[in-house]
Each structure stands twice: as C-alpha cells, then as structure tokens.
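Order of writing sets the labels: A, B and C. Residues in every chain begin at 1.
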C-alpha cells in the first residue's frame, strides 16, 4: 500500500466533504481539538448534554469520546452518544486519558469498551497497557511504565476488544490485532505541550470520518499529524512558537509534503 | 452618521471605563473570549453557578449568553442571570451557537427569547434563519443553508423578537427591523479558527456595555473586530499565526486605523 | 539567602523529578495552566470528579484549588481533594479568584480555609484583603481597592490563617506573617492576558511540590515566572505575541538568566 499517496487522498476527502466530528472531550483541550479539526478541513462540534446526544451524534461522521476530565453526567452522555453512533454506523474513537491513574477512569473505559463497539482506541503506552490487562503505571495523564513494548501491548488490547488500537510515542503503533503498522513521523516538541495526544485522537477521528478501514485511517492520520510537527519544528523557539507553527503546518499540509515526508510501514 | 469616528469613540470609552462583561459561555471559547474582552479594554468574568448569578450579573455592564455547550444547570444560570440583567437594565447579548443542529439548542433559544428581553442576537445565517422560523440547516455549529438572504433573515428575527439581530458572514448584517446596517470588514482567516463567531459576540457585548443603541453598538463592534482581522491578515502563514496577529491587532487598534479602514453603511 | 541560586536549584529539581500537580481549576485557564506546568518541567493533571479525588490527589505532589468558575459539585471535589492532600502532607495552593465579587466565592474561600490547611494563598490585592477581613472591592476577577497596602494585607491574612500568602501585582509580596519577601520581577504585558494570575498560582504549586518552605517556594516561583515575562517582553507586539514569547521563555529559563535577573529581597 502506498501510505503517503493514500494519506494525501484522505486529507483531500476531508477538505472536500467537511465531515462533522462530534467530540465529548475534556475541558483542557476543547479549544485545541476544535482548531485541529478545522485545520484538517473537518467541522468540530463539542456537545455533552444528554438531552441532545442522539440528535447531535446522528448528524456527525465520527464521534470522539475522551475521558480526560470525567464526571457523572458526561459519562452518561458518552454512553448515549456512543449507542447512537453504533446504531448509525458512525465510528467511535476513544481516548482513555489517564486510564490507570484512578480506578474511576479505568473502570469507565472498561464499561465503555464493554457496552460500545469502538473503532479506534488512541492512547499512550501506559494507558493502553492497563486497559489490556498487562499492568503499567500512569502518573496523572503521563505514561510511566507498561507491561510490554508498544507493538505487543497494542496487539493485546486490539485482540481483547476486537478493535484497532493506536499507541502514540516516539514511534506510533497501530494494530487491529492482525495488521500492525508503524508511523515514524512526529517530533519531540509535541511532548512539551498539553493536549497533543488528545489532538492526535481528533486527527484519527477526522480521518475515520472518510476512511472506513480503521488501521488505514489511524495510520494516515498519525502520519499527517506527525509530519506537520516535523515541518513546524525548525521554527520553534519553545513550545508556544512550536504550537503556532504546528497548527499552521497542519492547515497547510499538502500532497507533496506527505509524498516526501510520510514514513509508514506495515510490519505484520 | 460617521461610523468610523463613532466606533473609535466607543472603543475609547471601553478602554477608559473598563466595563465588566459577564459571560455564561461555552467551554470551547472561554479563554479566547476572555482575552478578546481584555484586548478591547473591558474586563471579563466567566461565571455560571446559579448561586452567584444575581450578584455577578448585577455588577456587570453587559451579559453574554452563549449556548455553545449547553447543559441543564447552565441553562438555569442563563435564566437567572438574564432576569437580573433585565431588572437592572443591563444589555443581554445572545449567541445561539448551533441553534437548529439539535432541538435542545433551538428550544432553549426560543425559551430564552420568550422569557428575557435580549438586546442583540449575534449568530450565523443558518442559526438566525432557524430562530426566525424561516428554516435552514446547521451542521454542528456551521451554517449550511437558510430561508433567505442575510438582510431578510436578520430583519425577520428582529421584527419577531423586537430586538437587534446581527448575522456575521462575508458581509455582516445588523438590523433592528427598521434600521439595517452592513459591515464590510473582516477576513477569510476568521473562518479557519474556532470561536471567532463567539468572540465577535463578545465584542458586541463590550461595545454594548458603553453604547446603548444596539444597532450602533453591534455595527461598531463588528467593524472594529473585522478591521483587526484585516490588519492581521498579511502576517498570517496559517490560522495560528493569524490568531496571534489578530489578537495583537485588536489590542493595538487605534482611531487612525478605524478612520481609514472602517466600512459600514446603512442601507435602510 | 541567595534567592537566585536557590530559585534555579528548585527549577532544576522540578525538571528532574517531574512532580505531578493536581489542579481543580477554572474552565478559562485549564489549557494555559496545564501548559505552564509542563513548561516548568512538572506534570499537570486536571480532574474534578468526586469519585476520583482521593486517588488522584494521593499520587500528586501539590494540589491547586482555584475557584475561578465555581459550582456545587466542584466545591465538593475541592474539599475531598483538600482533605486527602492534608492527610498525605501534600501542599495545597489556593487561588481565590473573584473572592469579594460574590458572597458565593467569598464564603467558599472562608469554608475552604476553615476546613483545610492551606500552604499558600496566591491572589490579587483585593481578593486577599477581603479574605483578611480588611474590606476592598473586586470587579469580576479584577482588584479595584483594598483595606491596606500589599505588605500589610498579606501579613494580616497570613496571621489570620496561619499560612503563607502571596499577593501578585507590580511588586509581588509573599509573607507567612513573620517573614516577608518582595519580588520585583514581572512585566505589564501580564496584565493584558487572562489567566496570568492563575498561571502564577500554578508556578507556586510546581515549586511547592519540591520545596517545602512555602515562603521560599512562592518567592522563587514568582521570581522565575516574572523573569520569564521580562525576557519575553521585547518580542511582544501585543498580548498574543507576548504570550507565545512568555511561554517559550518559561520553558527555556536557565540558571544563568535567573542568576542575572532575579530580584528578590526579604524585608522582614
């Protein structure tokens, strides 16, 4: 598969069709993820009232469920939106922010994964390892340790939940349990900013809105996302100037850059 | 009327008197709208607890009600704050974010407009068209279609609700049903960022805090807001560098720039 | 005491040990304060669900309680987290945003201070004056007047609550009732942005996570924070370009800059 050409094609489809991405996400990253959605060419909507979940999710092309700042009523909305998404065949992208840090987060993820059919889980190594039952440690929202390397951990959770799992890190891993893909794009500056993991989840959602093979959607999304970071890096004098350049680069990302810079390989 | 001179004068009044603008607004734009309030010279406060609505609104000079991320208790606060504002003669600026996308949003707006006396409604064409009963489509928070052109739609809702309505778009329309004013300032970069509509509502509120003729306040606010975007545009390499330049330009906006760049005309 | 050398040492300790700072903070500044935490080298987590307070606070090295956008369930979480912090010896940093503007805010602060043992209160002059029982006026979240000068007011509240109090302003004052320290770092640009007070509270928390003498932690934090603002100022063309340069400067702040630029003096 020509990942670079395909990634450029999906990005084009997003820009042409402007799919709506419904986010139930955390309070820290809402502004950032709304902007990332727009910069990729999709339309964001943030909504969490149970009263409007069915209608709002119904008109969306992808649903992000991000548990970064959980509370009771928001969980209720996640289930309501998730069931609507499942009924309508709308892909759900789950970001298990801080799973493992508290049992409230871990158990909420387990319940979501039990009751909903999730398309892609996008997390860090610790979070995914814990959800896979392999142990690990998460300090707040930061991965500290895990029960295996990223490929094994992603495969384990993918097999357990029968979905696609992507673990972002120095190298991103995407696996549906059978196929496993590595994305070597990205830049260290991403680790100096809050919400860059959550925003990568948003990218996966935007790509999933127009590309229905989850592994393909996630790999192409993370390739484009990481590539924009690389393009921005030379302009960074620190995290904030990096962020400005990164968002600009996401918006300006074109087929030529992707053709030249994408580094994706399928390993199984 | 010399709109440019008057706009510069209102901006000056804001900077001198630093009116407090109480926002009950959505979770996506809070940081942005607080900054826009400050950059224009006013003071922002975000508060949504029913317990403090009466006191907080009482000390404000304008109240923004923005329904972008609704939930039950926040609606309760909107009514409480709104009634206080009406009792004290404090102008209410309503931003019907996503009206039409879900019945929860549409009905909440209808109830707010029924029970409160609103000074200015600031929305996009689809949202305003739906509230005017003219039909239309809103995809998340994006206007897709409407039941008429912006002038007719603004006039219709203004007449129906007996208030001033402003629809922002390529050209902004402000009407109280009798007088109709067009503002030709603005820039396409504004459409690449989340919350620029909400922030224009904030500008209308800051101007309404010191100028009590709603059409005048809204037209001058949107002229200054759009002009800052034009001034910033040449520095933009993408949405994020545009945003930095735009906020800087709002803060630095002066009478000379407004005199030279404002493009407002009264059409009826 | 060599404040500059000590400040540089604490900053180094933060960067090496990456302490977790648990924030229960307002909706306006969450993204900013998470980034400031990261840029200083610590790890942020924002969490407010009562269900996870005990576990989340337990793994943190400092707890920020910021009342900027209060509501009932969040107050419940503040007490739960605060009691956990007290039980575990984790320092609590309280930001009484808008105390005095409404009785809901004032009374919540009084209750928090009564039931919890707080390490440092960081506020503006009006807020602290009101909590000290000296009167004053707060317009939204802005200090308008106070019942004394900053040194007297800080000392009064410190004595009353038996904790350390820091008042930020043109010159920052830190006092535990006995020792009083002034920090002359900072820049006017900070006043043009929302949340820079809240972010200074976050800095105090990050420093408190590794330095257990509250006066020392707060003074060194405010010195570093203010110094980064000074370093950034020459690059500012307005508030937004200042913010980018300021965050970059916080991240890049080094011992040499602190040695050269810190201006702290103990006055009693």
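Basically, contacts are C-beta pairs under 8 Å (C-beta built on N, C-alpha and C of every residue); 3 or more make two chains touch, one makes a residue touch a chain.
Only a predicted model underlies this, so the values are computations on that prediction, with no experimental measurement involved.
At the interface between chain A and chain C, two copies of one sequence, fewer than half of the residue numbers in use are shared by both copies.
To fit its Cα atoms onto chain B, chain A must turn through 120 degrees, a value rounded to the nearest 5. For the pair chain A and chain C, the distance between C-alpha centroids works out to 33 Å.
Chain contacts: chain C has residues 27, 31, 244 touching two or more partner chains. Residue ranges of chain C in contact with chain B, taken from their complex: 26-29, 31-32, 68-72, 98, 101-105, 139-142, 192-195, 237-241, 244. The residues of chain C lying in touch with chain A in their complex are 18, 20, 22, 27, 30-31, 34-35, 37-39, 43-49, 51-52, 55-56, 59-60, 73, 243-252.
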